[in-house]
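Several structures are given next for inspection.
The two complexes that follow have chain A in common; it is paired with chain B in the first and with chain C in the second.
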Partner chain A sequence: MRNLVIEPTSKTPKVILNADLGIFEITGRSIPEDAIGFYRKVLDWIEEYSKNPLTDTTFKFQLEYFNTSSSKCLLDIFRKLERMHKNGHKVSIRWHYDADDEDMAETGQDYQALLDVPFELVPV
Partner chain B sequence: MTYSYYKNMQLNNIIFVYQGEVTADLVSSILQMIENKLEGEGEDRKVKKRVFNVMVECLQNVYHHLDALPPTDPSNPIKDKTALLMIGREEKDYYIITGNHVLNDRIPDLKSRLDRINRATKEELKQLYQEVLTSGGFSEKGTAGLGMIDIARKSGQRLGYDFHPVNDRYSFFSLEARISRIVDK
Partner chain C sequence: MSQDKHAFVEETAFLEEARSKIEVVGLSPEAWREAYAKVIDNYERLLKVVEVLTHQATQLENKLEKARAQLELQKKALSTEVEGLEKQIQIQQKEVHKKAQERDILYDRMGKTRMMLIVVFAVLLVVVSFMVYYLFVDTARMIELVKQIHGIETK
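Then we have the complex of A and B:
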């Protein structure tokens, strides 16, 4: 399948979804007014990918800021990964955050509590 | 006249004020400007992040809600999507105030949501956040009340609010969020 790369802007993160190299990353800040519009392509890509994924998928998130409209879109992404996990694929989520940033750690814990998929908090 | 504006702003520790139409571009510019200002003045990183986060939610909240107003309504006291945005820095707190017109019909719902948020403990806010996040019926504008819960969580203080009656259909809604400048190390 085609790789998806979205360059970052002041309001949207960098996205790399590369099944050839096994790189799945969303990094930067995610504060668009229309988060649903931004994440549609990402969700579609993951949906397509989940039909025939690699033996091991590690998805990296490293967000500096995100707004509440992005938070629902992130949950939608996590749910898709959770479904892959439940279907027997090896999937893990790594939630990277600035070690000083308690709020971002707490948000990671919030998601961790809601999901049934390996979800690791990675202070950096 | 100018001097009295200046003195008044200084007295109230206002570092930024805007009155006018709120567009997505304007919100971006304000965020950029305040972020640079916080950066340049060497504010604590944690405080800076919280202020920025709360600012994003407050400004986008106004931006989204203004869209819901019919500007052509003859009883609408404003003819365009205007609002008030204000940021202040006191010795102990930053404060972010937004003001915009709302239809009176929306007041009971807004008020009950704000009261519920203000009554909630830290733990209850966390639960409420998760509840709203996982419930459906979110998408209309991608906001659905999560914004105010998030503002309250990041602020850690009660949200101030007021509905000032304008006419029989509209009121002026103001919301104030405070962020402490004192961080526990």
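Then we have the complex of A and C:
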């Protein structure tokens, strides 16, 4: 399947979804006006990927700031990954956050509590 | 807002599905129980999502409020700095004005001194001219004058 790479802007994060190299990352700032439109491509890509995933999929998230719409989109991504996990695939999520950013740590904890998928909090 | 509506596509689809179940006639109690359990599951999940989103929205509001307060502080600090700079400019302007006045006075004095020097030089020139004239051109007259002076003095 084709890889998905979206370069970052001042309002959108960098997205690397590379099944060949096993890199799955969303990093940066996410405050797009149309978060749903932005994450649609990501969700579609994951949906397609979930049909035939790698043996081990580790998704890295490292966001410095994001709006509420993006948060809902992230939840949708997590749900898809959770579904993959429930379907017997090895999936894990790594939530990287600035060690000084308590809010981002809390957000990670919120997601962690909500999901039934390995979810690791990684202070950086 | 309309864009945000699309953020709940799955939830909306489930709602429609649940709603359509009511229309179905002759559903077995087992099927009803199953459908109801699904509604509860989805409702519970949605409630958790709402809790998370509400919590994050509050965090964002707090962040914005902090940023606003910080901006306010920076604005005040900048205003104080600008006021200080304006005062300094006023002081500097007064200083420049004072210096300009001092310079004018100095130029005035220099002008007067120059004029005096010219006059002194002119007088000296006249005196020297007379001396040169009587010493080298009209020596006889010079001697006569000296004698006359000497005579007056001896008298």
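Operating definition for what follows: the second predicted complex is superposed on the first by the 124 of 124 C-alpha atoms of A that agree within 3 Å, B and C clash if a C-alpha of one lies under 4 Å from a C-alpha of the other, contacts with A are read in each partner's own complex, and residues count from 1 in each chain.
Here is the rule we go by: a residue touches a chain if its C-beta (ideal position, glycine included) is under 8 Å from a C-beta of that chain, and two chains touch if they have at least 3 such contacts.
Keep in mind that this is a model prediction, so the values were computed, not measured.
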> Which term applies to chain B and chain C once both are placed on chain A by superposition, clash or fit?
Replying inline: clash
> When the two structures are overlaid on chain A, which partner does A:D34 contact: first (chain B), second (chain C), both, or neither?
Replying inline: both
> Which partner does A:I77 reach: the first (chain B), the second (chain C), both, or neither?
Replying inline: neither
> After superposition on the shared chain, which partner residues are touched by A:T68: those of chain B (first), chain C (second), both, or neither?
Replying inline: both
> Which holds for A:D100: it touches chain B only (first), chain C only (second), both, or neither?
Replying inline: first
>> On the A-aligned overlay, A:L114 touches which partner chain: chain B = first, chain C = second, or both, or neither?
In response: both
>> Going by the contact rule set out at the top, does A:K11 touch chain B (first), chain C (second), both, or neither?
In response: first
> Looking at the overlay, does A:V91 come into contact with chain B only (first), chain C only (second), both, or neither?
Replying inline: neither
>> Just checking: does A:I46 make contact with chain B only, chain C only, both, or neither of them? Give me first, second, both or neither.
In response: neither
>> In the overlay, one of 77-85, 113-121, 149-157 or 167-175 from chain B clashes with chain C and the rest don't. Which one?
In response: 149-157
> Which parts of chain A are in contact with chain B and also with chain C?
Replying inline: 33-36, 65, 67-69, 71-73, 75, 103, 106, 110, 114
>> Going by the contact rule set out above, which residues of chain A touch chain C in the complex?
In response: 33-37, 65, 67-69, 71-73, 75-76, 103, 106-107, 110-111, 114
> Which of the residues in chain B come into contact with chain A in the complex?
Replying inline: 24, 27-28, 31-32, 45-46, 49-50, 52-53, 56-57, 60, 63-64, 126, 129-130, 133-134, 138-139, 141-143, 146-147, 149-150, 154
> Which residues, counting only chain A, touch chain B once they are in their complex?
Replying inline: 10-11, 31, 33-36, 65, 67-69, 71-73, 75, 100-103, 106, 110, 113-114
> Which residues of chain C touch chain A in the complex?
Replying inline: 3-4, 6-8, 10, 48-49, 51-53, 55-57, 59-60, 62-63
